[in-house]
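Two complexes follow with chain A in common, the first pairing it with chain B and the second with chain C.
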Partner chain A sequence: MKRMLKTAILSSALMMGVGLTGPAIAQDESVYIPNLAYRTGPFAATGTPLMNGQRDYITLLNERDGGLNGVKLEYDECETGYNTEKGVECYEKTKARAVVTQPWSTGITLQVLPKSNVDKIPILAPGYGFSPMADGKVFQWAYNPPSSYWDGASMILKNISDGNLDSLKDKKIAFLHLDHPFGKEPLPLLEVLAEKHGFELVPIPVGLTEMQNQSAQWLQIRRERPDFVVMWGWGAMNAGAITEAVKTKYPMDQFVGVWWSGHDGDLKLVGEQGKGYRSISWSVPNSESPLMADIKQYVVDAGKSQINQSEGEFDSVFYQRGLMISVILVEGIKAAQDEFDVRSPSPEQLRWGLENIKLDEARLKELGAEGMLVPFSTSCSDHTGHGGGWMLEWDGAKFVKASELLTPDRAEIEPLETEKAKEYSEANAPWPINEECEM
Partner chain B sequence: MFYRTAGQFKSSYEADHALFPVRQDAILLGVILVFAFIVFPVTASEFTFRALLIPVLIYSLAALGLNILTGYAGQLSLGTGAFMGVGAYACYKLVSIFPEMNIVVAIAMSGFFSAAIGVLFGLPSLRIKGFYLAIATLAAQFFLVWLFQKWAWLYNYNASGAIQVPNIDMFGITVAGPRATAMTQYYFVLCVVCVITVFAINITRGRIGRMWKAVRDMDIAAELVGINLMHTKLMAFFVSSYVVGIAGALFVFMWRGAAEANLFDIPLSFRVLFIAIIGGLGSILGNFLGAILIVALPVIIGSVPQAFGIPVDSAMVEHLNIMIIGALIIAFLIIEPHGLARFWAMIREKFILWPFPH
Partner chain C sequence: MEFLNDVLVQPFADMAAAPDFLLQVLWEGLVGGVLYALIALGFVLIYKSSRIFNFAQGIMVVFAALTLVGLYEKGVPALLALPLTLAVMLVLAMTIERVVLRPLVNQPDIILFMATIGITLFLIGFGELIFGGENKVMITEQLFIPTGSIVFEPFGGFVSIEEKDLTAVIGAMVLVAALLVFLNKSKIGRAIRALGDDHQAALSVGISLSTIWVIVWFIAGVIALATGIVWGARAGVSFALEVIAFKALPVLMLGGLESVMGAIIGGLAIGILEKLFEIYWGQPLLGGNTEAWFAYMLALLVLLFRPQGLFGEKIIERV
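The block that comes next holds the complex of A and B.
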C-alpha cells in the first residue's frame, strides 16, 4: 500500500511536472527562444559570458524597441552544465514551444541533429557543430553561421602561411586539440591539406581529464619543435595550454587558436607573457560602437544584465560574441516575420528565415555593430555563409584585431563537405534531402 | 490491515518457495506493472518518456547488473561505465556490419561481448579482494575508454569519433534512431528490463545465487563447503557484465541516439554504483528505487519552480537541485544504511504487524 501510495504520489508529481511545463504561457504574442546554457560545470567560465551576451541582446530589443516588430522575445535558459544527458532533457523540455534549438555543445548537437528532420525545429549553432552542416540541402534544419570549423582551420593556415599554403612545405604544425568530437572536427580537412601542401601535421590530443595538466603534451611539443601550434581548445583546456606555453617558453607568435580559444580570462592569467598569441575570430569586440552604447544604457546600467562589470566582462570577446550570436538569430526571426507576414513565426518559418539572413555591412551598420561581425549571407544550399574571420592578437591586456578580413579557401573545403554530408545522410537513411533548393 | 498475512497457509514446499509467499506482494507488483505498461504510456508526454521513464529503466538495469556482481557476489567493481560502453559499441558494430540483423538479436549478442571483457577483467578477482579489486576494475575503466577513443574501427572512422544510431526497423516499426517514437522505445526497454529482472530474481534465488552469497559472505568457508571459487566469481562477472552490456546497448540505442567515448567514463560508473548502493546492495528492488532517486528526482525537482511559475534562474535551479539531492542521499543513508530496499522492507514488516505492534 505504502508503495502504491508512493507510486501514486510519484506519478501524480510526474504528471504535474510534465503537464505544466508544456505550453502554459500564451503563445501568440511572443517568440520563445530557449538556450541550452551552461553556467555551471567545468566549462562555466567560458560559457557564462557567451550566455550573458545572448541574453542581453534580447533584453535590449525588448527594452529599447519593445521586442522585434512589436513582438516580445522570450529568452529562456535551460541549464545543461555541458552535459549531453542534461542537454537532451532540456531539448525535450523546451521543444514544445521552441522556434529554435541552440545546443551549445558539439555533443548535444550530434544528438539533436538527427532529430531535427522529425521534430522540425531548426538548430542554430553559430561557429560550432558539425562542419558539413554547411550543406543546406542535406542538413535542412541545421545552421552554423558565419564560419564553420573547417573554414576556421583553412583561415588559420592561410594566415600563418601569408596566403600561400605551399610555403608551409616541410614545416611542422602541431594540432593541439581536445580529445572530443569538438576537437577532432577539423582533422579531416587538416589531413587533406597536409598531404596536398606537404607540411607535416602532428595531432596532439588532450583528454578531458588532463585539460588542466598538459605537461605531457607540451613535452611532446618541445621535443617535436613544431613551427606552429594550432589549438582547438575549450574551457579549462585553453588556460592550461597557454600557461604551459608560457612555462615552456614556446614563442607566442607561433601559437594560434580557434575562436573558442580566444577567451580574455585565459590570457589575463599570463598577461604580458601571452603577448603575440593569436586567435581566429568571426567577431571583434568594439565597446565604442552604437550597439554597445545602447546595451550599456538599456541593459547594463538599468541593472538588467548579469555580467560581472568589475572583471571587464563588458569589453570581453566572448560577451560581445554572445551578443552577435543573438544578432544572427534575431535577423533570422525578422526575415521570417517579413516574408510570411506573421508576428510570431513557426519553427518552419524560422527555418526559411535562417536560410535568408543578409547581414551585409550596411545592415550591420544599421544595427550599430559595424565591424563587430563578419558580413555574411545564407541560402538554402549554404547554411554557413562562410563570412570568414579576422585574426585577433593578445597585446598583453586585451585582444585587438590583427589582420584584414580572411576568407576560407572554399575550393578545398567544399568537396570534403559534400562528401561528409553524403556519408552522414547515408548512415542515417532515410534522410530527406531538400530537392527544391536549386542553388 | 492491507498486509495481513493471516489465513495464507502454505501446504506444500512449492508454495513455501513461491516467488511471492505473501499474496499482497503479488497484487502490489501487478498494480505497478499496470502502471508501467498501461497508465504511464497513456498519460506520459514525450518529455516524461525521454527524461524520466526510459532513463530510470535503463539505469535500473545497469545497477541490476552491477548489483549481481557487487551485492550478491561481493566483488566491488568500478568499471560499470566501460562495460556499458562495450555493450554499446558492440551493438553499434553488429548493427553496422549486419544491417539486416534484428535489433533484439543484436542487443542480446552485444551483451556477450561485454560479458567476455568482464570475465577478462574479472580474472584478478581470483587473487585480490575488496578495494584492491576495485582498483583493478578501475584499470578496465581507463583502458576501455581509451580504446573507444583510439580504435577508429569501433566508430566506423567517423570524423567526430562518436557513434550515431541509424534508423532500425523491427517488424515494420522503427524502434531505434531519430525516427523512433518515444513510446516504442519505452515499451522496448520495458520488455527487456522485465525479462532480465525475472531472470535476475530467479538466478539470485536459486543455486547459483546461493553460491554467490556464500562467496560474498566468506570465500574461504565457501571453498570449504565445496564451491569452486574461480567458477563462481567468473560466472558472477559474466552474468553481471552481460546485463550491464545490455543496459549499455539500450542506453545508446533506445535513449541517447549518439554517444562519444567520454560518456562511458568514470562518472557513469560512479552513478550506477551510487544507484546500487543507495537502492540497496544485494537486492533487486533496490536498483529501481535507487534509479528513481538518482535519475528521476533531479528532473522532477528541476521542473517544480517552472511548474509553479516561480521565477528562478535555471543555473540556480541546478545548484539547488544538487544540494537537495545530496542532502537526500545523506539523509537516506543515515536513516537506513542498507539502502532504500531495506527501508521498504522495514515498512512492509510494520504493515504486516499493523495495527498490533507486537
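The block that comes next holds the complex of A and C.
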C-alpha cells in the first residue's frame, strides 16, 4: 500500500513537472548568449568587473525593455578561469544553443578560431584576440571591434611620438608583456615598426608565476634605461608592474599600457604614486550618462547586479567597458533582427548583424552612452571597425580622459594584417576565403 | 668563440663593471628567496608531520591574506584583524582535521593528497563567495610595516632597499628561528617530529594524532598569513597569489620535502641563483623569463645526484 502511495505521488509529481515545463519551453523564446567568463583564478580581479558589466547591460534590457525587440536575452556564463583548455570545454558545452562565442582570452580565441568555420558560430572578441581577424574575407566568423591590439600598439606609438614615429629614431622602447599569446600579440607589428622607424625594441616577457614579483624585469628596465615602457599586461601582472615601476622610480609619464592594463583596482594599490600612468582605451567611464542612470535604477538599485559597490566598481573603467562590450553584441543582434525580420536570429544571421554594426555618435547618444565608446562601424571585409581610442590617465584616484580621439595608422598595419591572415589561412588549409565578401 | 665569451666572460665583466647593480640583483634575489622559503616551509611542516603533500598551501596564503584585508574592510581595526585572522586559521585547521583528515587516517598518501586538492577547490569557491575576486590593497601601513626605501650609494652607483622588503626578510628570519626553536626544543615540537618519523611508534607512546595535525595545520596557516602579508604588500591581495605556490615546488625538490633547513637554504639558493642567471645570462642570451624554468632545471640537476634533495632523508624500503 505504502509502495503504491509512493508511486502515485511520484507519478503525479513527474506529470506536474512535465505539465509545467512543456508549455514553458514553448513560451520561452530567447536569444542564448553564453560568455566564457573568468571570475576565478589568477585573472579574476580583472575578469570580475568586466563580466559584471556584460551581465548588467543584458539585465537592463530584459528589465527595462522586456528584452530586445520583445525577445528575452539569456545571458549565461561558463567559468574558464582564463584557462585555454577549460575555455575550449566551455565552447563545446555551450555551442549547441549559442548564437555567439565570447571566448575572453586570446589563447581560447586561437583555439576556437578554426572551429568557427565548421560550427558556423560567430566569435566576438571586442578589443582582444588575433589582430588579423580584422580581415573579414579570411576570418569570416570572427570579430574584434572596435580596435585590435595592433591598432592599440599603433596608437600608443603615435601618442608617445606626438604623431611622428620617425621622432622615435634611436630611442629605446621596452615592451613589457605577459608571456602568453595575448602578451605576444602586438610583437609582429612592433618589430616591423621598430625597423621602419629606427627605434630599438626591447621585449621583456613576464611569466605567469612572476607576475607579482617582477623585480628581474624591472632590474632589466633599470639597466636598459628605455625612453618608454609599453605594457601589455593582464590581471595581477598590471599591479605587479606598476608597483615595481614606483619602486624603480621609473617616470610614470613614460609608462603606457594597453586597455587591459588600465584597471582602477591595479592603480589603487599605488594611488598618488601612480599619477601620470596612461593607458590607451576604446571606452571611457561616464557614471553621469543616461545609460548609467538606467543601470543604477533598473539593475543596481533593484539588487540585480553582482557589483561590489564599496570598491567603487560602478565607476570603474572595466565595469563600464563590460557594459560597452554587451552594447556591441546587442547592436549586432538588433541588426540581424531588423535585417531578417526575426525575433531570435540564428548564428548565421548574427554573423550578418556583426558585419553591419553602425555605432556612430548619434546611435551612442540614442543609447545614452555618448562618449563612452569609440564610434565605429563594421563591414563584411572589416571585422574590427578600427574606431581608435583615447588615452586615459591615472590622476592618483581615478582614470580620466587625457587625449582627443586617437586613430591607428592603418596604412602601416593593413599590409601586415593581410600578410598574417594569408599566412594563417595557408597554415590551416583548407581554409575558406570569402573573396567577394558574400554571405 | 663569441658564444663562449657571452657565456663565460661577459656576464662576469658586467658584474664587475656595475657592482652596485650586482648588489641590487643579489638583494632582490635574497628577498625572492626568503619569500620562496616561506611558502616551502608551509609544505614541509605538513609533510613532516603527516606525509601529506599539501596542495592547498597556495590557496591558504590567499585565504589568510583575504581574511585579514576583508576583516579590516568590515571595520575591524588592523591590529585586531590580525589575531582574528589567526583565529580563523585555527578554526580552518580544526575543521580540516575533523572533516577531511580524520576520516582518511590510514588511507594511502595519494588519497590524502587528493583530499588537499579538494580543500583547494573548496577554499577557492568559499573565498570567492565571501571576499569576491577583486584585487585588494594589503593593509601594510595599518600594520605598521614601513613603506619607504633606503638608498645606498656604493661604488658611485645606487642600491635601493624597500623597507617593506627589509621587514619581510627580518620577519621571515624571526619566524623561521622561532619555528626551529619550537620544533627542536618544545614538547609539542618533538611530538611533531616523532610523528613524522613513525606514526605507529608515536601513537603507541601516547602522542595524539588529531592534536598534532591541528597544531601543524595551524602553524602552516600562520606561515600562510605571513607569506600573504609579504606578497600582498608587493602587488595586492587577489587569487593570483595562489600561483606563487608553484614557486615552492622546485625549492622542495632541491631542499627535500622533510627538511626545514632544506626549505630555507633551497629557497635562498633558488631566489639568488635564478635572479643572477636571469639578469646576466637569461636576458642577454635567451630573451628573458628564464625564472619560469631555471629553478626546475636546478632542482632536476640536484635530483640526478641526490634524489632525496639536498637535505632530504634517504628512504630505503624493503620490497
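Everything that follows uses one rule, which is that the second predicted complex is superposed on the first by the 409 of 439 C-alpha atoms of A that agree within 3 Å, B and C clash if a C-alpha of one lies under 4 Å from a C-alpha of the other, contacts with A are read in each partner's own complex, and residues count from 1 in each chain.
Basically, contacts are C-beta pairs under 8 Å (C-beta built on N, C-alpha and C of every residue); 3 or more make two chains touch, one makes a residue touch a chain.
What you see is a predicted model; the values in this text were computed from it and never measured.
Undergrad: Where does A:G235 make contact in the superposed view: on chain B (first), on chain C (second), on both, or on neither?
TA: Only chain C; A:G235 stays clear of chain B.
Undergrad: Return first, second, both or neither, reflecting whether A:P114 touches chain B, chain C, both chains, or no partner chain.
TA: The first partner, chain B, only.
Undergrad: By residue count, which of the two partners contacts chain A more extensively, chain B or chain C?
TA: Greater contact footprint in residues on chain A: B.
Undergrad: After lining up the shared chain so the two structures overlap, which partner does A:P251 touch, if you call chain B first and chain C second: first, second, both or neither?
TA: neither
Undergrad: Would you check which partner chain A:E79 touches, where first means chain B only, second means chain C only, and both and neither mean what they say?
TA: first
Undergrad: Now for A:P432: first (chain B), second (chain C), both, or neither, which partner does it touch?
TA: After superposition on chain A, A:P432 lies in contact with neither partner.
Undergrad: Of the partners chain B and chain C, which touch A:T40 in the superposed model: first, second, both, neither?
TA: Both: A:T40 reaches chain B and chain C.
Undergrad: May I ask you to decide whether A:D179 touches chain B, chain C, both, or neither, giving the answer as first, second, both or neither?
TA: So A:D179 meets both chain B and chain C here.
Undergrad: Considering only the touch criterion stated at the top, classify A:T243 as touching first (chain B), second (chain C), both, or neither.
TA: The answer is second: A:T243 touches chain C but not chain B.
Undergrad: If we overlay the two complexes on their shared chain A, which of chain B and chain C does A:L208 touch? Say first, second, both or neither.
TA: Once the two structures are laid over each other on A, A:L208 reaches both partners.
Undergrad: For chain A, which residues belong to both interfaces, chain B and chain C?
TA: On chain A, the residues that contact chain B in one structure and chain C in the other are 39-40, 179, 205, 207-209.
Undergrad: Note which residues of chain A are touching chain C in the complex, please.
TA: 39-45, 47-49, 179, 203-213, 215-217, 219-220, 222-223, 235-236, 239-240, 243, 247-249, 265-266, 268-269, 308, 310-311, 313
Undergrad: Chain B touches which residues of chain A in the complex?
TA: For this pair, the touching residues of chain A are 1-4, 7, 10-11, 13-22, 24, 37, 39-40, 76-79, 81, 84-85, 88-89, 92-93, 96, 106-107, 110-111, 114-115, 117-118, 130, 179-181, 184-185, 187-188, 205, 207-209, 420, 427-430.
Undergrad: Please name which positions on chain C make contact with chain A in the complex.
TA: Contact set of chain C toward chain A: 18, 21, 24-25, 28, 31-32, 35, 73, 124-125, 128, 132-135, 137, 149, 160, 162, 231, 234-236, 238-244, 246-247, 275, 278-279, 282-283, 287-289, 291-292.
Undergrad: If you look only at chain B, which of its residues touch chain A in the complex?
TA: 2-3, 28, 31-32, 35, 39-40, 43-48, 50-52, 55, 149, 156, 159-162, 164-167, 177-179, 256-258, 260, 262-263, 265, 292, 299-300, 303-304, 306-309, 313-315, 317-319, 344, 347-348, 351
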